[in-house]
């Protein structure tokens, strides 16, 4: 069960480093084929390149605030530095623990509310990436009817929804968009219930939508299945799901909204390797390719130009994307 | 008789429970084609013995022979296989099943669970005049019919030996007669019947042989023709058979309980219909009726436990009609319920808590919403002494007491709230003769002190012996009033079944 | 049979059960670890190691929350009501309290008191629905509270979004923060600890005492327990079971309303999407573990909180999934009741022995007198 | 033929009831224009949604008919999802089915041992099993799925499906008819189409199990004995029935069925094991069984109602649930009429006021907000229980601990 990757010292020519990274995942942890996995990929890349040592731990569903704090403290006490917290749920605990351990460095993904000299906030402009896939959907749809499946109705997921709708409407103001959320907080099962994801997507396809974008974590697998079975398109999220999803549904994945958590983690660790610990907010948006869309499968090759134009407009500030529906 | 092996031969049966010797060196022969009665005090070990013979419990020692061969009975299935059937004191029927389902259960191999089984049931029912219909739900049946189903269950399995544990406790005389007719018919077919009862007159009238058990041992086997019930009782307990007997009337002209036009709607017909009567201070009013004719509902309506009841109830001038059960109790009603386990006790609570039950608002143990445990303990101790409750202490759980002692505790509790009305439903059911006498004594004493008593009993001797007046209830209506000094149990019985008129 | 003082004997039996259960749970967990090839020794040395001061504080804090949840469930259990809905009740209540306290209509401590009362009312009202349905319509409270949990989730989520404020840069939404003056201050244990123990722990203890006093010393408690032991006997004794059912559910819900408050007033200061969930289900196990006794529940809550806290670093330090502790906790619940049951049967037998001996003695004297009379 | 079931109702009453329900839905569709109410997609998704609930409820039925309350269904279901994940990945789809049954049965074994052998309170044992099951599968998943392709702490790799039935031409023809929007005919075609299009073999198996349960429990002597242990164990024992053995077997079967419910979730409703994917469906199954008065037909109705409302909510929640408001209002008015006829004036007025409120809401909004759509199944279940529960009758000795030798 030990997934800690104590790599780096097994052969002679590999680089070595005495940095020990503590990685605190959100619920689901490594292997969730989504958000956490993306962070893990960035970590793995850094481990390989820099020969760092790392240890991982993940949150339990519905755990106490103190459990999150203790996870960070245990890392700190065991000499891990930096400690990366994956997910906004860690915001409060990072704020508290960072104060207790002023000499240890922390990073948090998806939150920029903590201001401290030893905390780096890595946040993403999910609405911008979603805007582009929304535009892609609007360009590709034959029925002028598309859908969005959200896992759990949180502000973060609503950000995806808002960008997606804005993007689609920028192409076609009259487009019809179905929106469904699978569960409400604190019932986070909507991120892990493919059965519900499938039913919701099927409903949209039957209702005339031909492209459905999901921001539903593990439930997204159901969305892909629904797309594949009905011969429609789906849009993936977070990572390039054309490559990570099961091969049987590959051909139904039009594109994916990339939220490059791996890049953020990797870049952060690169700086750490160089001996500097960044702090403050780093926003990963379209301008720095922190978010984007994927082209694997080549299904959007015909509209890349239009999308890139929109992308430039966003970068230039000509289009401002809303963050709430 | 001596050539043929007896139907059942028990030799040296012994059985102990933790701390109790229930059976000790029991020896009984039951001849074929006879009715063999077993009598004994409460707790003497009769039921235990029968459960051993039916394979429910295993004996610690001794041998069982059935039809001349020694058998070992590990479960009721074994006993059934050897032709033994048993009708338990508390009916063993699933209410939510049909008669058919109840009968074929466990004996599906015989005739399946379908048409063949139904035909067989009808055949047996006709052959013995049991009048059982296979597709009726058991919950819709009365007590007598249930008992006939129990007997049919036994016959269906082809039993040659039939055990009946206290079958008459809940029956009226007519039903008892019908039962006895059935038994005689069985006997004529060559079956053997083992029959347990506390009612010694019945035993003498129906049995061919009587075995007396005392403290787990067989003390004698007697011939009914040469014995009286007095002698039997002496064999059982070593003392005289007490009897409820009327004493000089203490009836006053003060009306304690006034019931007018009491009604209770039911599904098909009213459960209670226009019931009116008065009970005076110092008077015992007996209610006679076949079980299920509304006596339980009558009591509960007076106690305020039945929401839909209509009509008026007054206690010593105070109108109780709108009051809750608690208020009615506070107004001075003592209540000895019919089913002590369901309505009288918290089986898993200590005696002192049971003392408080129903008297939660009384001083000295309840003051300003608090319960004073010390005061309750003291008063429980008083009841234990005054009413001869056999218990190691007041912290013992009620469950651990024997039926008779549980009943004495309830009687003591209900008498000590200074009630002006006592409602006593079957106060001595299943209670041994000693305790029975004590309970009768307490009721007579209370009557002498001016208490009004509403007495409900299936034991007509008890009813006639204790009451100043007897009302008969039939299908929720009072159908006749009798003077206990004149009426015989048989007359009462026919009024209860609707066959006779009022005297 | 030994002639031990019966009280001592009872105490011995009472202790035997939990000890037996813990040993059994220990063995079963170890077996699972061995089968899975995980390091048994390291796991136990982490779990059973002496907690640091801040961990002690965490244990006390979590135990406070679990304790209240256990109490809420226990109130129902004492009346044979199975309140699975503590989960929904405390979330509704914590949300209401957070809104009330966040709005701060009253200053300082008055605001706190008002919010606590509002929480108890909200919890009671939510549980009361199940109580009324049970009492008036005969709907099993097991089913209705399950449904109400899900309904609570939807409703609270809806209203949370209506009232939520969102901090700049945060993806979390929550109610307005409770002003400083209305928070319940904690206290430190030892000197090195950075984590404070919730001040609410005293209120929890008070709730426990109130529970004990109400149930064991008052007439109301007598009625409630009597109804739990036998509905039919309760009715015959003059207790209104309908009323008791509703009142018991209201009471259970009111206590459930307190469950989230230590967190609210001592830690998070607002109700948001990361507010701890699932506390109601833990409460069921804890109430059962503690046999509905206020001290027992406290021990159960401490045990669960201790295991949770100690298991937290398992993955980081030993590389074993902390979920192993859930197995341990469940096994403890099961082994505890099994050993209680075994010990209880043994106790009943002892009791019967005593009764039988008393009877034998009675008979002996009766026989003696009889014989004397004959002589 | 057992007299219990068919004594009061004509033989094919359920067919008539189904037609009536479909007719009502047709009317509702025409009136409200909510097209998704009876599309073949809705029917198919309803089937998928109701099967896990029904199987869990069937598990509850077996157990409670033998007098053992099984609140541990959720945990047994969780075990089943893992069993399907592990065995299904390593040994193929049908091994996954077997694995789900097996893991569920292990949960049943624990419950049976605790309740039947040791006489532990049924609820306590069930709660403990729920705790253990969740911990155990998370622990096992971390142990066995990490490192597999597509696997992780919280999910298994993709699992093969057990296969499904499609009768192509018929499906297409029915699709035509459905598309014509003919009153009632389209609805019928939709239902038929759902049954011949991509119908999973496990769905078929589930319905076979439902019928089989009815047949075994109510038509065989084994079933009679099993039910007798839940109605009156002491009577059963007095007739030579090995009560504890039947209870034990019943709880084992109960666990296996709940496990299969979990397996269905992992393999058919989705295509891998995921942590927490049962989402409380075990409890819903229990509720559906009580809703169905401890009978297979009623259970089907209960899980159907739940599955249907949930499906509507997930598919085109806003509009479909909006249409349901109208249906509920109409039902309420009918109920008020009935109460009025029973002279329950105050109750009738109360219900009428509620109905009026519903109609107002219906008129005021076009779509129901998502939060409310998600809670629809729970509210509907609660409402139906509130109005129907007095007629429910559970096995007489349900939940009571029985000890051997207590006969008589």
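Lettered A, B, C and D in written order, each chain numbered from 1.
One rule holds for everything that comes next: contacts are C-beta pairs under 8 Å (C-beta built on N, C-alpha and C of every residue); 3 or more make two chains touch, one makes a residue touch a chain.
A quick map from chain label to UniProt name: B = Simple sugar transport system ATP-binding protein; C, D = Simple sugar transport system permease protein.
Bear in mind that the values here come from a model prediction, so they are computed numbers and not experimental data.
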item: Contacts common to subunit A and subunit B (chain labels); value: C, D
item: Set of chains whose contacts include both subunit D and subunit B; value: C
item: Greatest separation from subunit D - chain, by CA centre; value: B
item: Whole-Å separation of chain centres (CA-atom averages), subunit A against subunit C; value: 38
item: Between subunit D and subunit C, distance of the C-alpha-averaged centres to the nearest whole Å; value: 30
item: Centroid distance [mean C-alpha coordinates] between subunit C and subunit B, Å; value: 44
item: Between subunit D and subunit A, distance of the C-alpha-averaged centres to the nearest whole Å; value: 35
item: Junction residues of subunit C - those touching two or more other chains; value: 36, 150, 153-154, 157-158, 321, 323
item: Touching two or more other chains - residues of subunit D; value: 139, 142-143, 153, 371, 374
item: Contacts with two or more other chains, residues of subunit A listed in rising order; value: 1, 3, 58, 61, 153, 183-184, 187
item: Chains grouped in pairs wherever the two touch, ordered by label; value: A-C, A-D, B-C, B-D, C-D
item: Footprint of subunit D on subunit A - complex, ascending; value: 1, 3, 27-33, 37, 58, 61, 153, 178-184, 187-189, 192-200, 202-207, 218, 221-222, 225, 229, 244, 246, 248
item: Subunit D - residues contacting subunit C, complex; value: 71, 110, 114, 118-121, 123-125, 127-136, 138-140, 142-143, 153, 280, 283-284, 286-287, 290-291, 369, 371-372, 374-375, 378-379, 381-382, 385-387, 389-390, 392
item: Partner subunit C, residues of subunit B touching it in the complex; value: 17-20, 215, 238, 303, 305, 324-330, 335, 337, 342-349, 353, 356-358, 360-361, 366, 369-371, 390-392, 396-397, 400-402
item: In the complex with subunit C, residue positions of subunit A that touch it; value: 1-4, 22, 55-58, 60-67, 69-71, 73-75, 78, 88-89, 91-92, 100, 110-113, 121, 123, 153-156, 159, 183-187, 281
item: Contact set on subunit D toward subunit B in their complex; value: 1-4, 7, 219-221, 224-225, 227-228, 231-232, 234-242, 393, 395-396, 405, 407-408
